[in-house]
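Before anything else, here is the set of structures, which you'll find just below.
The two complexes that follow have subunit A in common; it is paired with subunit B in the first and with subunit C in the second.
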Partner chain A sequence: MSSLALRDNEQSGLMARWSRSRHRWSDVLFRRLTACFALSILILLVWMLITLALNARQALARFGWGFLWGRTWDPVREQFGALPFVYGTIVSSTLALCIAVPLSLGVAIFLSEHAPRGWENVVAFLVDTLAAIPSVIYGLWGIFILSPALRNYIEPWLASTFGFLPLFQGPPYGIGMLAGGIILAIMVLPIITAVSRDVLQAVPNTQREAALSLGATRWETTRVVLAHARAGLTGAVILGLGRAIGETMAVTMVIGNRPEISYSLFDPSYTIASVIANEFNEATYELYVQALIELGLILFLVTLIVNAVARLLVWSVTRRTREVQRV
Partner chain B sequence: MLLLCLLILSTGGCGGTKDGAEEVSLQGAGATFPYPLYSKWISEYHKVNARVRLDYQSIGSGGGIKQLTERTVDFGASDVPMTDEQLRTAAKEVLHIPSALGAVAVIYNLPGVASGLKITSDLLADIFLGKITKWNHPGISAHNPGVSMPNADILVVHRTDGSGTTAVFVDYLNKVSSEWVGRVGRGTSVNWPAGIGGKGNEGVAGQVKQTAGSIGYVELAYAEQNQIAYAEIRNRSGIFLKPSVANITAAAASMSAQVPDDLRVSITDAEGPAVYPISALTYILVFREQVDEQKGKAVGDFLWWAIHDGQKFTGPLQYAPLPDDLVKKTETRLRLLSFNNQPLLHR
Partner chain C sequence: MMTKAKLAMPVNLLEKSTAEPMKRPALDSKVTIEQLNFFYGPVQVLFDISLTMPSRRVTAFIGPSGCGKSTLLRTLNRMNDIIPHARLQGRVKIDGTDIYQTGMDVVRLRQRVGMIFQKSNPFPRSIFENVAYGLRINQLVRSRRELDERVEQALQQAALWDEVKDRLKESAFGLSGGQQQRLCIARALAIRPDVILMDEPASALDPIATQKIEELIVRLKEEYTVVIVTHNMQQAARVSDHTAFFWMGRLIEFDPTEKMFTKPAHQMTEDYITGRFG
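Up next, the complex of A and B:
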């Protein structure tokens, strides 16, 4: 760590001397300009946070912290609680990642490491096409194809095989948390795949050649490449997670839209983004609107926290593998 | 030569449109329920009066009221009359102009059971309260002799997005079930005691069509278009009726004595033998005192046309025309439309 810092210092010292001698003016300008751009992102984030909080201040004052663990959402009686929506958002996104991450990493590894030239382009094109489909189409596909398949075949099979687990109990409607998670998985798959593939392809070939020359198998070589690309892969997964948390249309069409907390993946659930989209137009009184905006604020915070946790998780895992490698 | 001909033709064409008075464009927004009818009206009215350009965005009743109050549109539209509180927020007097009638159909999917299952108001409330959970419940069988009801779970499907359709449906349940009043209440979004939510009429219709044993509610047009079985509902006279153009108009006609001067009225659960009980009025909302004379006049003319000539387009789209005495009352309200406190319509 200290040697790294030293090297950075040396480098910036060199840069400074260099810029002093020649393009001093334009360099300073350029640095300031890019710093402004970077800062604008921060300002935008803080500004959004403040606007959300200001627009939700009545609801914040009225419900306090109780909003976070309230379980009732009753616009008629002016009772608003966010817990079922937070639960639905986190569980559906987690489910989506559990399905999508292994799949898309597999596809990306195949494309960058093992696929014959012609294949690579075809599959990559198909994956990119998946990313371009509007979410309402995914939703319709969910209602008319996925949900009947789940109801008639997959959920009954899950119930009869793993029915002893609370995850797979209750009547199989085909609509619910499982359908929502699967739709989300399909939607985030192209993003994670495309970014991971680019990251893996950016790994210098010398890495692969070095591993192979030491007598490593294809699998061992791939592991070396993965270790080299871990930071980029983390970014890919987090991008996918961002889309899963914020997705509205497709999820609301298949998740059942019922603000209840249930362990079973067969039961209907509801996400924050969906309830905002569904109820904002017809929110007929001020407190109702404010409660929905407060949900937006919570979505914002949930995204921040989940991102931080995901980074922490990946960081701790990669650090361990680095130590193992060193040994 | 050809070029010259074209030139003459095109200038001739231009002159034709320039002869007319200045073009007026009107913005409206609100309820999704009457949207098919309003878009038909917009294209038909253009044939009658090419000078007026109308634009309607179906963003929902609540949105329509909000946009009218903020004066971002020239007219709003809503399936539910504005509440007293909303009228206070609007500050200036708002006219409720009934534009057409519609009905909410109770749809279901029961393999082996044809369209026209007979359901009473009590059964309907109990099903949507989650108290009746099986299709072979004795209460349902009692009213449907000869129909073998399956021993299947009932899956309730309701609208998840705030909607006028929901408001009409729960308004009916509020009138027929005291338990509903206590547990759920009225509104465009409510805390449903049972079932799953579909997004939009198409979401509910799609869900019911897909799932055996499900029951839901949609606008009549959606039930017809999707060819989904829908129920006969028992009215206050004890007669089971399917929604139809005649039954819906009858509901409004039977309420005409009770219609207040401002025309804010609910016509669910109306009295009379030929009445379909889950019927509704849909409104166009305008400020009584207009801020622009040209636009105010154009809105007035359009609404006058809508409640008279426009009514013949209702039937084919599964809406029902306003009964005659309601048209008379609406005329009186329309004449109140003013600019600088001078009436805009001279009819």
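Up next, the complex of A and C:
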């Protein structure tokens, strides 16, 4: 009896080992395969970096770090400096975020916390539609509607009200940094709104109930929800920033395309993406082409750094909450 | 003021309950529900409920899942307001004031009627800040010292102080499930409500944590009116003074707990309590 049971045990042990090894086989295969896919992304990234660096090597060698600080961009005299473009890219993106973040957060909070059922879907649909409009259309709208409005009404008003600030001085062109920032703001609004809304809706309802049951008003309840969603909201903003930095067409059409560094938001400016798109076809000699490619390399690195910083930020916030949620 | 709790009963009951615990005779009615009907959209979930809950006593709502006991509990602090398409007919009075009258300050109401939920739901903040939250938003304290005092008091009332006094600054999520639930009770007690609603407060806890919560509930009735929803009949028998049995959105029986569990007036109650259905 007992020996029979032992035999049984042995047999089932054997069976288990056998089937486990079969499973291990397919598991290993599957793991290797997915690892390959993951690795291919990394390879692509490094490859792009190397290609950019190789194709810009003459420019890299000739200008060195000075390329980053150079303020003149004069292809005729073979003088190339990236600073105006870096400045234009960073300032226009920051401006876009300053306008878009409060607006999109407001829309997202309304949609997830306060909107009546019917409304929610309509507004969400409209916001999503904004994301589907081609950037060239935004550019045209910027040229024909936004920039005249800025030139004739908004910029004169800003100059007369806040003219003591260097930001709002000088003649109102209409076309310029402010127009670029506003266009970008409209373009990143849908993505920030959509992601923020998802993040807010993911906050457990028990948190809202906890606040309400303690006599919280709607605003106080919303603040509890926002605190809970901090990390995700940061991620949403960073996604928007990524889009703003890389956006080319619409910005090119309204920002004025002049490589100058000026404090005034009314003045024309230039972004990295715009200068590459505009001048690549007209680059007549090797060094010119290489300087543009080096600009591309800078854009690539700036985006990488922004993303890394964002990840770090999100990670540092979530780590704290995740650590404590593991009860 | 009434010297005896007026207990609303279904009309078809033959026996009328007049029995009151002799030790504490003076009872005011704290919460009165009058002919309450409740709908989610076109679906009616509560039918003509009338019920009076005495002050400083524990009233338990029992009944099978989906019988409407949680919905009824949530009408008492208007927590159902946030559910779209929810509709209510009838009156709910607390200390004689109809809480569904127009112009009722719901925020003020919820300060007076606290609530504990099935799943503990502390905020992602420190233990101290969790308890202080209600005091801060309702501006109930004037100084930091007063805040510290009331937080300590609330934690002591919730029998949690000794376990957390050395780590008030640490996150509330570091506590065990039972401690988290007691923290939520402390958070509710800190703003000094009159009525405390508990929606299956121990259903997610182990026996020892459950026992602590139950002891707490019994102690709380010295100062508060407690209404508790529970699936656990032994729990209802252990902690409550009165028990209401619901079935399919209707109040079947409402009696002193002792009577309910020894000689229930209604056949259905007996069947449910003895485990023949539900």
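Observations on the structure shown:
Following the convention adopted for this analysis, the second predicted complex is superposed on the first by the 265 of 327 C-alpha atoms of A that agree within 3 Å, B and C clash if a C-alpha of one lies under 4 Å from a C-alpha of the other, contacts with A are read in each partner's own complex, and residues count from 1 in each chain.
By our rule, a residue touches a chain if its C-beta (ideal position, glycine included) is under 8 Å from a C-beta of that chain, and two chains touch if they have at least 3 such contacts.
Owing to the predicted nature of the structure, the values given are computational and were not obtained by experimental measurement.
By the touch criterion stated above, A:Arg197 is placed in contact with neither subunit B nor subunit C.
When the two structures are aligned on the shared chain, A:Asn257 is found in touch with subunit B, with no touch to subunit C. In the superposed model, A:Glu282 makes contact with subunit B only, not with subunit C.
By the touch criterion defined above, A:Thr217 reaches subunit C but does not reach subunit B. In the superposed model, A:Gly174 lies in contact with subunit B only, and not with subunit C.
Of the two partner chains placed around the shared chain by superposition, subunit C is the only one that A:Arg117 touches, whereas subunit B remains out of contact. Subunit A uses no single residue to touch subunit B in one structure and subunit C in the other.
In the complex of the two chains, the subunit C residues touching subunit A come out as 77, 79, 82, 84, 107-108, 110-111, 114-115, 117, 119, 121-125, 133-134, 137-138, 171-177, 180, 184, 187-188, 191.
The part of subunit A that touches subunit C in the complex is made up of residues 116-117, 204, 206-217, 220, 224, 227-228, 320-321, 323-327.
Here subunit B touches subunit A in the complex through residues 59-63, 65, 85-86, 153, 155, 160-163, 184-192, 195-199, 203, 206-207, 210-211, going by the rule given at the top.
If you check the complex, the residues on subunit A that touch subunit B are 72-77, 79, 143-144, 147-148, 151, 171, 173-176, 252-253, 256-258, 268, 270, 274, 278-279, 281-285.
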